[in-house]
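Pasting a structure below so you can have a look.
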């Protein structure tokens, strides 16, 4: 895919954007901002306070109202559950120097005790558990350095809320529970590919088309899952899985945040195209979603069973571990229908 | 509470047991077994194969049918969610030599990259994460040594399924998702205490009475939560929290397993009375529930908000981390109503 | 001990200082600096480049010449060895949120293999291993924030050499091996106490007197051990051990750095008095020794057997683990005589 | 190298054995045992009590007498030190599922405190630290399963001394300090190879020849280092480093234990040939040395600088970390001459 083609699709997506009620102005401002000043991207001049208030720490999770929960529960028609979380195991794909180790101390951990000879096992885990395997990115995960300060969601300064033993603000324990409507957009199926190639930039146009095919409309507080097929590489070809990935471009991310989703998930490790549209800009969708819009990510999902089920709208439940001051959480999110 | 009194209540519970459809015979066989041969307790002569088949690894989670899920979803009337999981933090109560450490490597973990100056944070956790804080006990957690063999659920021998880097059978990844009906039995409120004292043995009679007050009947695949008030000590008086606890006696555990629950939760670290009825027998309820009956435990829950809400029947959701070969899982289970 | 008394002893130490070839000027400059401007303390206006060159990363370990090693070896007369390192175990004293966990995965870790049925055990350790138990403080451990920059030995900026996965400069792997002369100064015995109280500020005068009693002179590249008796509390009364400690004051530290020692050790967790002379100034001896002078620390030593042996001059050997980019190292340093 | 050739060299080594004062009888008994019954190998019918007494936990470290220490110190003629320990870093070669992670929590770990604005860094390590990188194998590391019991040095049963949180016997804290004579046998140079190939079985003959070239005799309590050149692969070709290695065969191991060494070190991860002489017998030298003879191993050494120095006899110092109940220790052993 050439970058020229990417641009063209982006422009088309702007048009579609209006149809769907997304302001062209904001998109074009962002696009023109892109050409003028790299440092304005993707966060722009002023990315805070957030729309949820200057003191807010929950971001788009504020959209998870009781009404959303109630309507999500009503989507359960058959009582079937699909696990979207992957198995955590040593050897799973992992970038850089993160690690994951699980051992059984002792085996059994506790020797026979009492006249009933009870024995027990524990497991000892070491790892960046909020950022390995299936993972939920919280608002303390991604920021931007501006004039020597690391700024996160709502302009919080890491120099103020950072703490060696857990963030004092924006910790994942603030996110609360996601019990809301989920929608699957199967871009992989749309493209008729077995899997989209690394670096493939998903456009708003493609998301719109997928959405039209589901006959659904994204509503505030929904969570949207993007299937790329890239997840088929998991534990099959870990190097290829990690070397790059298909995913959202900035315009597609904007499409989703303009629709006021609470969370975006994918069968990839970063949700967004890697390499992205502009090789000088790294993980811009992360900054756009998390830092600017307070929209959460769920990564390294297994979306195959869900895709195969034909279900495109479902009750989605994910309850992050309340790890005090953590930037993310492991998990096993579910689709129930 | 004297042991004489405990016995008396136990006998009463046997009568109640019949009313509720529980066979007196099995209970009395067990009680007589208790007096004759300590080694028959609580597992008895032959605790396997399980009722779910000799090869089963899911235990009582087999009761979590689509019908249960569907009916649980229908319990959501207001869309309100209560988190039952506690915050994980260093310094929380923990027995023996388990530990929990959470740090932010680097702060930020990733230095500014790209023209967009992105920074990111991870968290590094070390600990027995399936057995610290709010925890789910899986079927690989508890067993019994018999003739030099450590036997677990369905008679699985640790010498065969044990593995240093994760159990080859009975791992928590087999449990699946709990999306089912939850019932709160508030024994603390029943007794009119602020909290039940350590060593207080909850009887079937008390459970029955609580149940009658809710006008509910326990059905197969339900999960039942026992509130003792002991959880009020969490992070307030950790020593008292850990020194002992009120909880189920064996007869009460049998009452619940006879009702074919899938999981039992409590606001304590062991569900059962510590010290228990018989000081020579350690954690018999664990063996009874997990090893013999395949019924799961959820420990160190926060049940205060749920109790205060007045809700006694709710949609319960818990999706254990799919930690390969782990004996348990951390989590943030929820009650939705 | 009143601060007035401390001052008087300090003044006496200045006189002694001259006798021992230490410039009064520098000390008095430092003392006057103290009264004028707290922020000049203990590092002063200009604490770098170090005397070992602006690019140096080894600090006082540069004094560990072959000649020192050769002469140290010649101090071995009886072939006797005393271990100064403590046993590492869970439950040992530890400040803040550091931790130490050691488990045996599997037990055995490796199941019987081969026709020879070999089994093996490993140990899994998690902890701040360079900063728990007996520990060696390297030059990446202590710094000072000046105008928003964290400056370490030789003025290295943490913003430049810091790295999430190991410091890019000043890592403990640069320190090399300490095989040099050791001298024990038994201040505890001098004072005739069983142990010096927490907050006791050791003065240059006391060090001089101890030294005179040994009839030794400190030479460049020596390592000096200060016995306070505080170590008797280790694993006996961990709370008292950690709540405070006797140790060097800044003047005594200067006495040692002026004598060009390579390393200072003690039977305490910080070498220096806690609380110190000036309660607003925290761990000034750490800054003085490590950040300014490149002189290393060895903490949480067991000096009892050495003290009881009567040996005051010995061959000292310590070889830090070459942990890439680490700030310290665990160890079991030895005195051989 | 054919197995026929190996056998021939072995026979030659038996003759050499007598010359060097090693009983042919014991070797031939062992060799004949080899042909008759695989299960007698390498430990034989009765491998305990050890020669150091039935209660001994130190094994060959008992040979480290003050006289040995004194004579070792006298080997220091130039005061030069060579570090034999490798740098510990993520990504170093490691078998199976062991791991090593080092991070700097916080960076700085401790924020500016006091009027002196002190900051500090720690390092957090997770890993099987006694069994990754340069490592010392203690007597709790290797055993044999006989009739369902895991037997270790001196016949200690793991079922009795094993403990989840550290072995109750044979822990590395019992080993004490190695300050003794070291001898380098450069088999790689003898063979004129850049490095010996994986699976190359070093024979007693080769050790004898190397020894003759040094004009030294191995004496009780010496430590002997075997250079194979395999260490050149470290961090250059980690896969090749780990896939196999040249090293001692059983006869060569016996040659060394008959000479009553205290410890054997090598520039490989297992000291012994992998694959070995008999592919059905795994790591027999480990059992022979550690389990039967109480002779320690030091693995993953860097012997290149030592070899290049021309020094073949030196003062060797290694002081294991006193990790309570650990099976091994990391370290930075040194050769001083």
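Order as written gives the chain letters A, B, C and D; numbering starts at 1 within each chain.
Quick note on the criterion: contacts are C-beta pairs under 8 Å (C-beta built on N, C-alpha and C of every residue); 3 or more make two chains touch, one makes a residue touch a chain.
Just so we're clear, the structure is a prediction, and the values are computed from it rather than from any experiment.
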Other chains in touch with both subunit A and subunit B: C, D
Between subunit C and subunit D, tell me the centre distance in angstrom, where each centre is the average of that chain's C-alpha atoms. 31
Indicate the whole-number Å distance between the mean C-alpha point of subunit B and the mean C-alpha point of subunit D. 47
Counting only residues that touch at least two other chains, what does the list for subunit C look like? 90, 97, 101, 103-107, 124, 126, 162-165
Name the shape of the chain contact graph, picking from line, ring, star, complete and other. complete
Subunit D residues touching subunit A in their complex are 90-91, 97, 99, 101, 103, 105-106, 109-110, 126, 162-165
Where on subunit D is subunit C touching in the complex? 38-39, 41-43, 65-71, 73-74, 76-81, 83, 85-90, 98, 102-105, 107-108, 112-131, 134, 140-146, 150, 158, 162-167, 173, 176-177, 179, 280-284, 286-287, 315, 317-328, 330-334, 336
